[in-house]
Amino acid sequence: MLHTVNKSPLDRNVLDSCLRLAARGSAILLIEDGVYGALAGGQAAPKIGGRMGDFRFYVLGPDLAARGLDDAALVDGVKVVDYGGFVDLAAERKAHQAWL
Amino acid sequence: MMGEDDFSPDVVKRFLFVNRKAPYGTVYALESLEIVLVSAAFDQDVSVVFADDGVFQLKKGQDTAGINMKNFSPTFRALDGYDVEKLYVEKESLEARGLTEDDLVIDVEVLSSEELSRIMAAQDVVISN
Amino acid sequence: MKFGILVNEGPFTHQASDSAYQFAKAAIGKGHEVIRVFFYHDGVNNANKLSEPQSDDRNLVKLWSELAEQHNVDLVVCVAAALRRGIKDEILAPGFRISGLGQLIEAGIIGDRLVTFGD
Amino acid sequence: MKFGILVNEGPFTHQASDSAYQFAKAAIGKGHEVIRVFFYHDGVNNANKLSEPQSDDRNLVKLWSELAEQHNVDLVVCVAAALRRGIKDEILAPGFRISGLGQLIEAGIIGDRLVTFGD
Amino acid sequence: MLHTVNKSPLDRNVLDSCLRLAARGSAILLIEDGVYGALAGGQAAPKIGGRMGDFRFYVLGPDLAARGLDDAALVDGVKVVDYGGFVDLAAERKAHQAWL
Amino acid sequence: MMGEDDFSPDVVKRFLFVNRKAPYGTVYALESLEIVLVSAAFDQDVSVVFADDGVFQLKKGQDTAGINMKNFSPTFRALDGYDVEKLYVEKESLEARGLTEDDLVIDVEVLSSEELSRIMAAQDVVISN
């Protein structure tokens, strides 16, 4: 399963819900305001860092760049993809769930 | 392009509807229920999950007269007649809100996050809002 | 692969429609087929042809219309959601059509993947 | 007391417009004056006269129009927000007028209170 | 100052922001999905209960009733008002701030 | 009804604009900035606060080409020319996001929650989104 999270973890609790209910082995892609969750210096960093063994984490590059985070340090192990990479993930995984 | 009336699929897919939002503050809960009802006509394998504030959609005793909106909670009771019977509620979400199964307008299966997680992972199409 | 896309928000206020459009373009660019984009909730507002963004801003309504024309993408606006929000044939942008929620379920059945964008 | 009201969301999707309407009615009922309701962001969608809710649902566009007529409330739709969202004179409901953001600031200056409803 | 909070504290962090930045003595009115914050049995109850000395808390009755919470136990000290009470609070207080 | 061009108020009120939302994910940040710019023409006492995810609006280095949206962060630099000079950022919000003053596109006054709270309480009109 591919899960997308599009909300900032400092504004809403939806990243928590995704991490609680997504099955192990899922891919989790942070898009739109969800990309703030990938910041190594942000308060939510441990939430993602602590689950590296359970999920594969991705973050959408164009959304990072738009927010001035192109060069920001990301949580170790989070992989940056573009829209093409988003499409690939959606194609590889059996289904998509948007956490809104 | 086929209209919905002409369409009789041979495939049966597992459709999951995920309700995570409270009713009335936004329209997502009501409009999501409209999709579930329509999906019933397609002979698919439909499941509906209520988690996070979505469990509030099922709270008994809703009275919307004072906010001039339509109380749609009785419609959940119609799901059974549409053969939509796989209704799951997350236990952890109920507990965090001080609710129990007795507070809900319909019979549902209350599952732990882990049990729910397994059901959600087995779906073919997930519609959330 | 056949993709269906669900767009739950209108243009401008949320990024959902932008993200969905970029996803659709990328999918087509990779040789996939986007069989249908279904607009629900405030997503129906993407079909309002009166929308007139500032000249230096993107025009999502037009971008969707062009995508439909160039790549034969079926743009479907939910009739129930559209009626209550005042999106009717008289202001419907080219390439969009108004139909029932069954079109969303059908996209889920005949498509290989359904990808959702919302708030 | 003179109230100004700011509505940031459209009808249906968020409760903001409902709450603002109930607040306005209650204020008028208590003998206050609602000098202006300013519609910004998706709030401009409250002025779409094509909106046609189900028969057993409230019709917020109509309710606002009636409030304007009965109590002389000035309903102002932001021109910039409206243009990009496709809310134009041709679909503008009775009682609404399209004007600039200055009307919001003015409401803040001449009113005793500005009360905001949004998402 | 009258502050309104219209989001569920279990979905978003906006109640926390209001409680952090509102000045002591302010009135805080929970409306729309914000009324869930007033539930004595909810996880957010201590947030409000712990600040009873700093703020006056109100909750909008029609929004409680709509959500089936008319008879629910509320955090001690939270006062129920109707739309008329909302208007009174807005008139009594110097200004209104919506936490959205 | 007076148009904004004819309106020259005798009163000066304290107007506060509160920015708590991140840019691009929603349009509130951009459209809120449009109000601030217009307010400058009314000779009022204008303050602008950035707190919570609103501090991200001021992040340096925004490049929106990849999402096909307009980068509006340079407009913040124009505020000075409009005599909008009371710009406040909450220290706690910056810290929670791993940001410092050096990360921001404009000079602002960084204040603690408590200091900010006092300024916010002194306002006549508060516009948030």
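Letters are used for the chains, namely A, B, C, D, E and F, taken in the order the chains are written, and counting of residues starts over at 1 for each.
As a working rule, contacts are C-beta pairs under 8 Å (C-beta built on N, C-alpha and C of every residue); 3 or more make two chains touch, one makes a residue touch a chain.
None of these values were measured; they are calculated from a predicted model.
Novice: Just to be sure I understand: going only through chains that touch, what's the smallest number of steps from chain A to chain C?
Specialist: Graph distance in the chain contact network comes out at 1.
Novice: Going chain by chain, each one touching the next, work out the least steps from chain D to chain E.
Specialist: Graph distance in the chain contact network comes out at 1.
Novice: Taking each chain's centre as the mean of its C-alpha atoms, give the chain farthest from chain F.
Specialist: In terms of C-alpha centroids, the chain at the greatest distance from chain F is B.
Novice: Is the contact between chain C and chain D built from the same residue numbers on each copy (over half shared) or from different ones (under half shared)?
Specialist: same
Novice: Averaging each chain's C-alpha atoms to get its centre, pick out the one most distant from chain D.
Specialist: Farthest by centroid: A.
Novice: Taking the mean of the CA coordinates per chain, how far is chain B from chain C in Å?
Specialist: 24
Novice: Chain C to chain F: how many Å between their CA centres?
Specialist: Chain centres of chain C and chain F, defined by C-alpha means, are spaced 33 Å apart.
Novice: Between chain B and chain F, what is the separation of their C-alpha centroids in Å?
Specialist: 40
Novice: Find every residue in chain F that makes contact with two or more other chains and list them.
Specialist: 24-28, 52, 67, 69, 124-126, 128-129 - these are the residues of chain F that touch more than one other chain.
Novice: Mind pulling the residue numbers of chain D that touch at least two other chains?
Specialist: Residues 8, 12-13, 15, 19, 22, 41, 57, 114, 116, 118-119 of chain D each touch two or more of the other chains.
Novice: Touching two or more other chains, which residues of chain A qualify?
Specialist: 6, 10-11, 13-14, 32-33, 62, 82, 95-98, 100
Novice: Once the touch criterion is applied, which pairs of chains come out as touching?
Specialist: Pairs satisfying the touch definition: A-B, A-C, A-E, A-F, B-C, B-D, B-E, C-D, C-F, D-E, D-F, E-F.
Novice: Which residues of chain F touch chain A once you look at their complex with the stated criterion?
Specialist: 21-26, 52-53, 56, 59-67, 69, 71, 73, 96-99
Novice: Which part of chain A faces chain F closely enough to touch in the complex?
Specialist: On the chain A side, the touching residues are 6-8, 10-11, 32-33, 36, 39-43, 61-63, 65-71, 82.
Novice: Quick one: in the complex, what on chain C touches chain F?
Specialist: By the definition above, chain C touches chain F via 12-15, 18-19, 21-22, 56-58, 119.
Novice: Within the complex, which stretch of chain B touches chain A?
Specialist: Touch residues, chain B against chain A: 16, 18, 20, 51-52, 90, 92, 113, 116-118, 120-121, 123-126, 128-129.
Novice: Residue numbers of chain B touching chain C in their complex, please.
Specialist: My answer: residues 1-5, 7, 9, 11, 13, 15, 27-28, 31, 34-35, 38-39, 41-42, 44, 124-129.
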